[in-house]
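You will see two complexes here that share chain A, one where it goes with chain B and one where it goes with chain C.
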Partner chain A sequence: MTDAIVLSNVSKSYLDFSLSDISFSLPKGYIMGFIGPNGAGKTTTIKLILNMIKRSGGRINVFGLDNQKDETEIKLHTGVVFDSHYFFEEWTVKEVGQVMALFFSNWQPALFERQVQQHQLPLNKKVSQLSKGMQLKLMLACALSHDARLLILDEPTSGLDPVAREELLELLTNFIQDGERSVLFSTHITSDLERIADFITFIHEGRLIYTGTKDDFVSAFRLVKGGLEDLSPEVKRDLISFRTHSSGFEGLIHAEKIGLYPNLFAEDATIDNIIVYTYKGSKTHESNH
Partner chain B sequence: MKITLSNFSGIPIYEQIKEQIKAQILSGALTEGEKLPSLRELARDLRISVLTTTRAYTDLEQEGYIATIQGKGCYVLGESSELLKEQLLREMEQGLISAIKASRAAGLDISEVHKTLDYFNKEESND
Partner chain C sequence: MKAIINPVKYNLFLVKPYWKQYLLLVGFALGFPLLMKDLGVAPFYSAFLIFMTVSYTFSIEEKNNGMRFIGMVPFKRSQLVIGRYLMNLMLFLIFWLIVMLIEPILFDLLNVTAKNHENFWQSGLLALVYYLILASFSLPGFYKYGAIKGRWMIYIPLVLIVLLVFIAQFFNWDSAKLEALLNPMVLLPAGVLLLILSLLVSIRIMDQKEF
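== the complex of A and B ==
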C-alpha cells in the first residue's frame, strides 16, 4: 500500500454549496498542502475523509481501507488538528491525556508526557486558560501520542506567530522522516507550504483545480507585468486574470503561453499569486455571463 | 557538505543543491565514498520538500556524481566514476568545439588555437 489517502470522485451536496467530483491521492511519506480560498470546501473535504459527515458519492480510502467501513481502524492511526481545539474547556492538560487514553487503545502515556514536557505545556492548567498556540500544541501532542501514521491538519497555522509556525514546520518534516508517515495540511498561509509541501491540491468553489507536485504547480504559471500599452486584447485574452494600476498591470498566465509575448516581463508566480488570480479570473468570467 | 539556498536567485532550489554538491565534489571538498545526508534528512534540515531533494539527487546520480545504495544511503562516487569521467570528457569536448568555432569566426589558423591551448596549460599547471 503506497497511498495514505485516496479520494475518487467524491461529492457532497448541501442546499447552498456542493463539493463535486474531487479526486486526489497522497502517497505515503509525503506532505500535501491543501489550498483554496475560504469557502472552497477544504474543511468539508477533511470532514468527509474523517467520516465526520457522510459523502453523497464517490469513494475514500485511508491506508487502503474504506473510511466508513474501517473507520475505527483508521482513526487509531490518524492524528487530527483543527484550527480550534476539540476539548472541553474545563479539562486540564493532564485530564486531556487521561480522556484520550480512553479513546485510543494504542495510546502511549509516556509519549504524551514527553510531548507535554517538550512543548512546555502546564499540566494543571485548564484548556480555556491556554493560548491559541498552546492549544494547538496540545492537539499535536495528542495526535502524536498514539502511533499516528497520518496527520490531518485543518488551518493549523492561522493565529500562530512566526516562531510557533516554524516549530510546526520542523515537527512536520520530522514526522515524515521514516518515509512511512504522511501529512495533509490545509492552510491559507502559503509561505509555509511554499517550502515544505511535496504535493499541492487546490480546490475552488467545491471543484478540483489542481492536484500534483508543488513544483509542477508553481512552474505551470508565470506572473507577468508591463505597462498599460502592453495590455493588448490578445494579452488580455490569454491572461487568467489581471489587475491594472496607474503605471501598468500585473497578471497571471499559463507558462506555455508566455513564449507568445517575449516583450512582457515575467517572473515565478507564488502560490498566493496563483490562488488570487485564479479566484479573480473565475469571478470575472461569472460577471461576463 | 555545505549548502546555502537563496529564495531570490531565480534558480530552482533543486538546481542550487545539485550545482553546489557538484562543485564540492569537483573541488575535492567532498571526497569519494563520503556519505551524504539522506533525502529526508536534507529536506528536513533545509526545510524544503522531499521531492525537491529527490530531484537533485536523481540528477546527480544520472550524471555519475553520487550513487544510492538501497537501504544504506547516498555516497559520493568521486573522480574514479566512469560516468563522471564521461561527463567531464563531454564537457571538455564542448569547450574545445566552442573554442574552435570562436577561432574560425575570428579568422585564426588552427595552429594558433594549439599554441593558446599549450600556453594556458602551462599557466594552469604553474598555479
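== the complex of A and C ==
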C-alpha cells in the first residue's frame, strides 16, 4: 500500500524558527488531523509538502513521488484549501473555473458546474463579493473538480458557521469513501477532528510531539482532577501541566502514570485538553529554565 | 505548447479587468504626439506608457495572495515566468503596432504637419529596443522584490541612456557615429538577447523563491 504522504526527518530553518525532524505518514483512504498551537509549524509543513518553500533536510513523498522532482504530477492530483482564498478578487466564479481549467489538464468543467450548483455559488459574482464561507466553498469546488486524490486543508473551518462546518465534514468523510483518497486537515477546531480524523499528527514549536491513530493519541493521556491537598510534589512532577482553582486542580497526565495516583479522579482527555496542557507545560518548562 | 500558452492566458485573465486603463494609455500614446506635432516621438510614448503596465500582473498577484495560487497549480515555475514574459511582450507589440499604424493616419486625417516623419519607422524600432531594455531590467526586479519594491530597477536602463547621452556629448561624437550606434538592426537583436538573458535570471529567481 502506498501512503498518500510520507515525511521523513523533514527540517526547515529560518532565523527565528525551525522545523526539525518531522516524520509522519498518511495512509491512503484516511483523514489525518494536523494539530498544534499557533506558530507550531503547521502551515510551514504544508508549504513544504507543496514545495512552496524548500526543505533544509529530509524527504517528502506524495503518492510515492518526490515532492520536488515530481511537483507538477503531484499537484495535478492534489486539492488545496487554505484559510483564505487564493483567487484574484476581480474574477467571477465562472472565471475562476476557466482559469483553473488552464492549469489542470484533468479539470472537469461539468464536475465544477455541479459543485458550484451544489454549493449554491453564484456563477457571475466576483470572488470579492462572496462571503468567507462561500470563498471556502469555491476553493473546495476547485479542489474537487480535478479528480484530486489528496486534499490538503489549512485551517479551513475557521470563520465558518456550524452548518457550513458540518457540510464540510460530511464532504470530507464522503471524499475518502473509495479508500483511495486521503485528507490532511490542519485545524484549531479539534472537535471537528474528534469526529472525522483517523490519524493525528501533533507538532509544537517545530517539533513532532505525536503521530499515530487518533484513538491511541487520546488514550495516551488522561485528564485528572483533585483537591489542592492532592497536588503533591510527585503529582506536580508527573503532570504534563496543570491549573489550579479555588477548590482544587485539573491537569494532564500520561495514561501509563495514572495508576500511581488512585486517589485522583481521571477522565478521558479531549484533543483540545492535550494541546492546551502540552502547550502550557512547555511554557512552564521554558520559564523554569 | 499548452504549458506556455496557458500561463499567457492566465496573465491575460489577471489584467482583464484593467482593459480600460490599457485603452487609455494607447489613447495617450496616440494623443501626445499630435499635440507636440512630432511623429518621431510617438513610438517612444507608446513604449514608455505601455511599459508602465508591466508591473500590473505582479501588483495584482501581490494584492491577491497570488503566490499561493501559483504554489498549488501543477505548472513549473519556469513555464509561468515564460508565460508572463510572452504576455507582456505580446501586449506591447499589439499596442506598438496600433500606434505605428494609426498615428500617421491620424496626422493625415487631422491635417497636422509632423516633424520627424521621415524617421518614423526607425524611431519605432528604437522604441521597441527601448521597451526590451526596460522590460529586461525591470522584470527580474519585480520577481525578486515585488511590484513596488522592485520599481527601482526601471531606473537602471534610464541611467544607462542618460550616461550614453553624456558620453556622446563629452566626446563630441558626430551624428554618423551616433547613427551607427543607434542602428536598430544591431540594437534589436541585442535587445532580444538581453530579454532572453533577463528571462533566464527571472526563472532562476522564481525557482529559488519561497512563498
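The working rule: the second predicted complex is superposed on the first by the 288 of 289 C-alpha atoms of A that agree within 3 Å, B and C clash if a C-alpha of one lies under 4 Å from a C-alpha of the other, contacts with A are read in each partner's own complex, and residues count from 1 in each chain.
Everything below uses one rule, namely that a contact is a pair of C-beta atoms (placed from the backbone, for glycine too) under 8 Å apart; a residue touches a chain by one contact, two chains touch by 3 or more.
Note that the structure is a prediction, hence the values are computed from the model and not measured.
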{"item": "Three-chain arrangement built on chain A, chain B and chain C clash or fit", "value": "fit"}
{"item": "Touched chain A residues, chain B compared with chain C", "value": "C"}
{"item": "Centroid geometry (CA): angle chain B/chain A/chain C, rounded to a multiple of 10 degrees", "value": "150"}
{"item": "Touched partner set for A:Ile53, first chain B, second chain C, both or neither", "value": "second"}
{"item": "First (chain B), second (chain C), both or neither touched by A:Leu169", "value": "first"}
{"item": "Which of chain B and chain C A:Arg195 touches, first, second, both or neither", "value": "first"}
{"item": "Partner chain(s) touched by A:Gln118 [first = chain B, second = chain C, both, neither]", "value": "neither"}
{"item": "Touched partner set for A:Ile31, first chain B, second chain C, both or neither", "value": "first"}
{"item": "Partner chain(s) touched by A:Lys214 [first = chain B, second = chain C, both, neither]", "value": "first"}
{"item": "Which superposed partner A:Asn9 touches (first chain B, second chain C, both, neither)", "value": "neither"}
{"item": "Minimum C-alpha separation between chain B and chain C after superposing on chain A, in Å", "value": "28"}
{"item": "Chain C-contacting residues of chain A that also contact chain B", "value": "none"}
{"item": "Chain B - residues contacting chain A, complex", "value": "10, 12, 14, 40-41, 43-44, 47-52, 55"}
{"item": "Residues of chain C that touch chain A when the two form their complex", "value": "2, 6-7, 9-10, 13-14, 16-17, 60, 63-69, 71-76, 208, 210-211"}
{"item": "Interfacial residue positions of chain A with respect to chain C in the complex", "value": "47, 50-54, 71-76, 78, 80, 82, 84-91, 95, 98-99, 102-105"}
{"item": "Contact set on chain A toward chain B in their complex", "value": "29-31, 169-170, 173-174, 176-177, 179, 195-199, 213-215, 267-268"}
